[in-house]
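For reference, the structure is listed below as structure tokens.
First chain written, first letter: the chains are A, B, C and D, and each begins at residue 1.
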Amino acid sequence: MAEDAKNKSTYQSRSELKPRAWIADGLRVTFKTLVRTTVHRPNTIQYPFEKLVKPDCYRGRPGIVLEKCIACSKCVRICPNRCIEMVPIESATLGKVKRPQVNVARCMMCGYCAEVCPTNAMIVTPEFELAAYSRSELMFDPFKLQFESKPGYEVCSPMILPSEIKAGKTEMHNKGDMAIKDTVALDAKKCISCSRCEKTCPVGAVKMTETGEINPKTNKPIKKPAFDNEKCVSCEQCVDVCPKSCLSMKEAM
Amino acid sequence: MMFDYSGLYQFLYSVSSWLLWEVGRILGFIGIDSGNILYPIRQFLVDPQFVYFVALLLTALIYLVAALLFGIQFIWMERKFLGRFMDRRGTSVGFLGFFQNFADAFKVLLKAVITPKDADKRVYQFAIFAILAVSFMLLGLVPWDINWYAVNVPLALLLGLAVFSLAPFALILAGWSSNNKYTLIGGIRGAAQLIAYEVPLLLVVVSVIVMTGTLNFNEMVAWQQGNIILFIPLFIGALTFFIAGVAESERVPFDLPEAEAELVEGWQTEYGSLGWGLVMCADYLRAFIICALFSILFLGGWTGPTFLPGSVWMLAKAALVFFFMIWVRAAMVRIRTDQLLKFCWNRLLPLAVINLAVAVLIKIYAVGGW
Amino acid sequence: MTENTRMNEEQMAEKINAAFPEGITSIAISPRRIFMTINKDILLKLCNALKDEFGFEHVSCVCGVDMKTHFQTVYHISSYSNKVVAEIVVDNIPRDKPEVDSIAPLWGGANWHERETYDMYGIIFKGHPKMERILLQDDFGFFPLRKDYDVGRRVA
Amino acid sequence: MTEMWVNMGPQHPFNHGLWNLRVKLDGEKVIDAEPVVGYLHRGWEKMVESRDYQQIIPMSDRLCYCSALTWSHVYVGAVEKLMEVEVPERAQWIRVITIEIQRLASHLMWLAAVGTDLGSYTIFLYAMRERELFLDLLTNLTGARMTYNYMRIGGVRNDFPENFERDTLRACDLLEKRIKGEYYQLMDMNSAFRLRTENNGYLSKEDAMNLGVTGPNMRGSNVDFDLRRDDPYEKYDEVDFEVCVEEAGDSFARYRVRMREMLVSIDIIRQGFQKIRAGPVRVKAPRTAPVGTAFYHVEDPRGESLMYVIGDGTNQPYRLKVRSPIFVTVSAAPKMCIGYKMADIPAIMGTVDMCVGETDR
């Protein structure tokens, strides 16, 4: 053994203790608590009438600010329990659009949807009293999911790049920052310029641009998608929809 | 007709005789006089023997109600103080949480009575009545004030403790008849503990009898009023009585029979609604009787400065002793069955004997012999 | 394991290499760690040596791996005195008859881990005192952690 | 008296969670014991194989619900070793401090459980009151009470909120005063408590090592080994602390080890706050892990917890093995329980600090 068992026991066993009115200690401790709790109020609160004060960043059920949402479905992709689905809704201001619907019964309140949302539309609300009479009541459609946002509810987990650390920098980048964004890479040979990625991009960051060559058969200019990394929110919808899978995410390292 | 308030029983006797006399007058008024066929019933009603019987019935009724009220009041006291000892709020319904127990009592009444499958039905019910009878009977003997008692028997203490020590049989019956492994173990442990702790309890009572020379509560209190409350000379005896009393009423340091950790609820596990309610109330009642006995034997019962009536003093002292029981419950940890019995025979019994010796010595030298 | 025979990982690695020339396919060391890949017939002898000569007193974990073509069992055995953890990978256990020697008689700590590996993968440990399922009910029928046991994923 | 098999479980007030200790009784004495586990098996290791690396972090919190941070730290440590991600300085210090706060909360939860097992609800409520202090700290830091989802591959989710340090040090001072004052008088000096816990549930030193019992239960049987000192990870090599070892090997020794460990944790938190410097808290981790294996073991409040991960180039782990300390300690339960009375079993199993969530995975 590292050090042989030198006598390490730091207390005398009961038989070695000299006899004393040990009950007096326990009684004194409890009596002090009795006096303290009758003079001041006890430590417990009467739950339905008094509520615990929760910090701003408290993670109850997820909430949404419908105006900010761009339906990029990044939250759908990241949710570990797959509780979020994009659901078509009809609203006066936004017209017919798809917005996330959260099945709060399955949600484990991990806060990933709010952490990943590029426009801070998905937020974390302090609401945790979610008792309902039926499971369908817990299927929060986008309107029911709405919650007025306060600064603490938006979740942002700042990061730094490994290369920057080696370079000795220490200041971190926030969520939408260009430096830490994964950009889309195009494999030009496989691309058949079907412009599906241009249609699915929620932020319109994909433009089909001529590349100068002419298509021999139809002698029209060949167009390949060009990605505007400023607008791109790296939601990977184009990567999924591409029939020839010639798009892939290049990680910023 | 003046009611004399000399004693509860006399008071009730005069009430019942007045009542039955009025009934007789009404019967006479509606024409049942000497010639009528119903006349013997009217005579029977006004007959002193029947009045005596009705008075006893009324006393028993009053004591039943008083017992249940004391039980509930002590449950409230325990829950409130235990809460404050543990840094939380105790009961919270009604003024100071006092009506929480009535609410619980009504809730217990509404529950369904479930008897376990192939349990011994008759013994299962009888066990509840056995425990209750044993506990309530003693309340009849314990007087509250100089003349506020149901029955004033010269050997009141002897009869009381004899009845009090019938409880172990009720526990075993309850444990056995519920047809459940845990309740059987709980019942046997409970019985062993109660029987074990009877011995030091009785020895201490003997030392009190030696000092006061009587077995009647009133004379005991009168002696203490004359000389000195027995708490001071027989301090060791008071301590032993308190510890044995805590064990008798199965409270925390000695509450292994219904230890939640291993035996769920011990012998009370299989009792349903009202059965469990009464058994729990009987538990607190036994604790109350121990406190009442303690205050009579050692704290001089209802003697106290006269700005309060005697019975209030009696109740206050009983509540004080019960406060100490709650206090011990808050600070202590449950000890195992064999340690509990070993503590009783090795520690408590010698203390009781020493106390007896002290009582005899004081009696011979200080008080001047028999 | 007296005080003076403390060894660090390099000396151990050389000794083990010397003792078992043929059975060990690969061995590597890093601070306080030894990584070994062995085939299954020298497992028991190696574990006996580890326990007696090199003072490995504690089996941290025994885990099964389904490599689709064959099984693997991975042992993490640590030594309190030398403060070294050995990771032993027993490779290419045939898929049709998965059997390995049990090290439960040497270290009691491995007893339940081996039962769990049997429970999840069906690898039988010869010489184990009580080779039964531990987490799942006895009549479960098949071994859930195998790659061919498809749970029917719900694709997002 | 004939021998009688008594099932102390699966739903039994004495055990914390769903496991069953079948006990063979000869009268009151326990002759044979056989633990039965598996009632809470959720198939964690199969679920994990269909999720990517970042999605597993909130799931690893739920392995043992009263020490979530330590479990997510083991997972994140294993994956960082697989991906060779280098965690910045401040993140490592934040991890050390939050793990020690989690250890305090877990030990206080254990203390509450010991209190109820031995019949004193006062200890239960006092310990729970203290634990609330630390849960509030972690709620301010991470946003959740018990399942934090705070660790990330490559660091932690966010930095300390403002005056987090002041609150933590204030909570630690209060707990230290309470342990040295109230709990010492209420439990250590309480002869009845010692009567119930001393010389029962004895585990000899050789048995502890051989049967794989680790952590405070092992150190209670005089084994001088602590992963934080002997195999340091994160910033534990720059923190000097005393490893608490007790010699007696019975329930009271395990209780003493944990109480002293709480004081040591407080000391580590104080040193952590002195040594922490400003800097980044999270490095961007790659999405996919290289082909290869990695394992990472750490000193969990209950023992040695280890995770072995096999990466196969995709963003989902090929295999993730979890070594739960209590899974092995429960296999040694018969060794501790045989020979003692039935009424002792709650005291013995209480001081072993069971957590069934990690046992059955």
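Here are a few things to note about the model shown:
The criterion applied here is as follows: a residue touches a chain if its C-beta (ideal position, glycine included) is under 8 Å from a C-beta of that chain, and two chains touch if they have at least 3 such contacts.
None of the values given here were measured: they were computed from a predicted structure.
Seen from the C-alpha centroid of chain A, the farthest chain centroid is that of B.
The chain pair A-B and the chain pair A-D differ in C-beta contact count, and the higher one is A-D. With centres taken as mean Cα positions, chain C sits 38 Å from chain A.
Chain centres here are Cα averages; for chain A and chain B they lie 63 Å apart. Computed from the mean C-alpha positions, the centre of chain A lies at a distance of 27 Å from the centre of chain D.
Averaged C-alpha coordinates put the centre of chain C at 25 Å from the centre of chain D. Touching of two or more other chains is recorded for residues 85-88, 330-332 of chain B.
Shared interface positions of chain C, i.e. residues touching 2 or more other chains, are given as 80. In chain D, 122, 126, 129, 186, 190, 195, 223, 225 are the positions where the chain touches two or more neighbouring chains simultaneously. Within the complex, the chain A residues that touch chain D are 1-3, 5, 7-11, 13-14, 17, 22-23, 25-26, 28-30, 33, 43, 54-55, 57-59, 78-80, 108-112, 115, 124, 155-162, 165, 170-172, 180, 182, 249, 251-253. The part of chain D that touches chain C in the complex is made up of residues 37-38, 41, 43, 45-46, 50, 207, 209-214, 223, 225, 230-231, 293, 295, 297, 304, 306, 308, 310, 319, 321, 323, 327-328, 330-332, 360-361. Of all residues in chain B, those touching chain A in their complex are 81, 83-89, 92, 327-328, 330-332.
Chain C meets chain D in the complex at residues 32, 57-61, 63, 65-66, 74, 76, 78, 80, 83, 85, 87, 89, 107-113, 116, 120, 134-137, 144-145, 151, 153.
On the side of chain B, the complex with chain D involves touching residues 82, 85-88, 181, 252-253, 255-256, 259-262, 264, 330-339.
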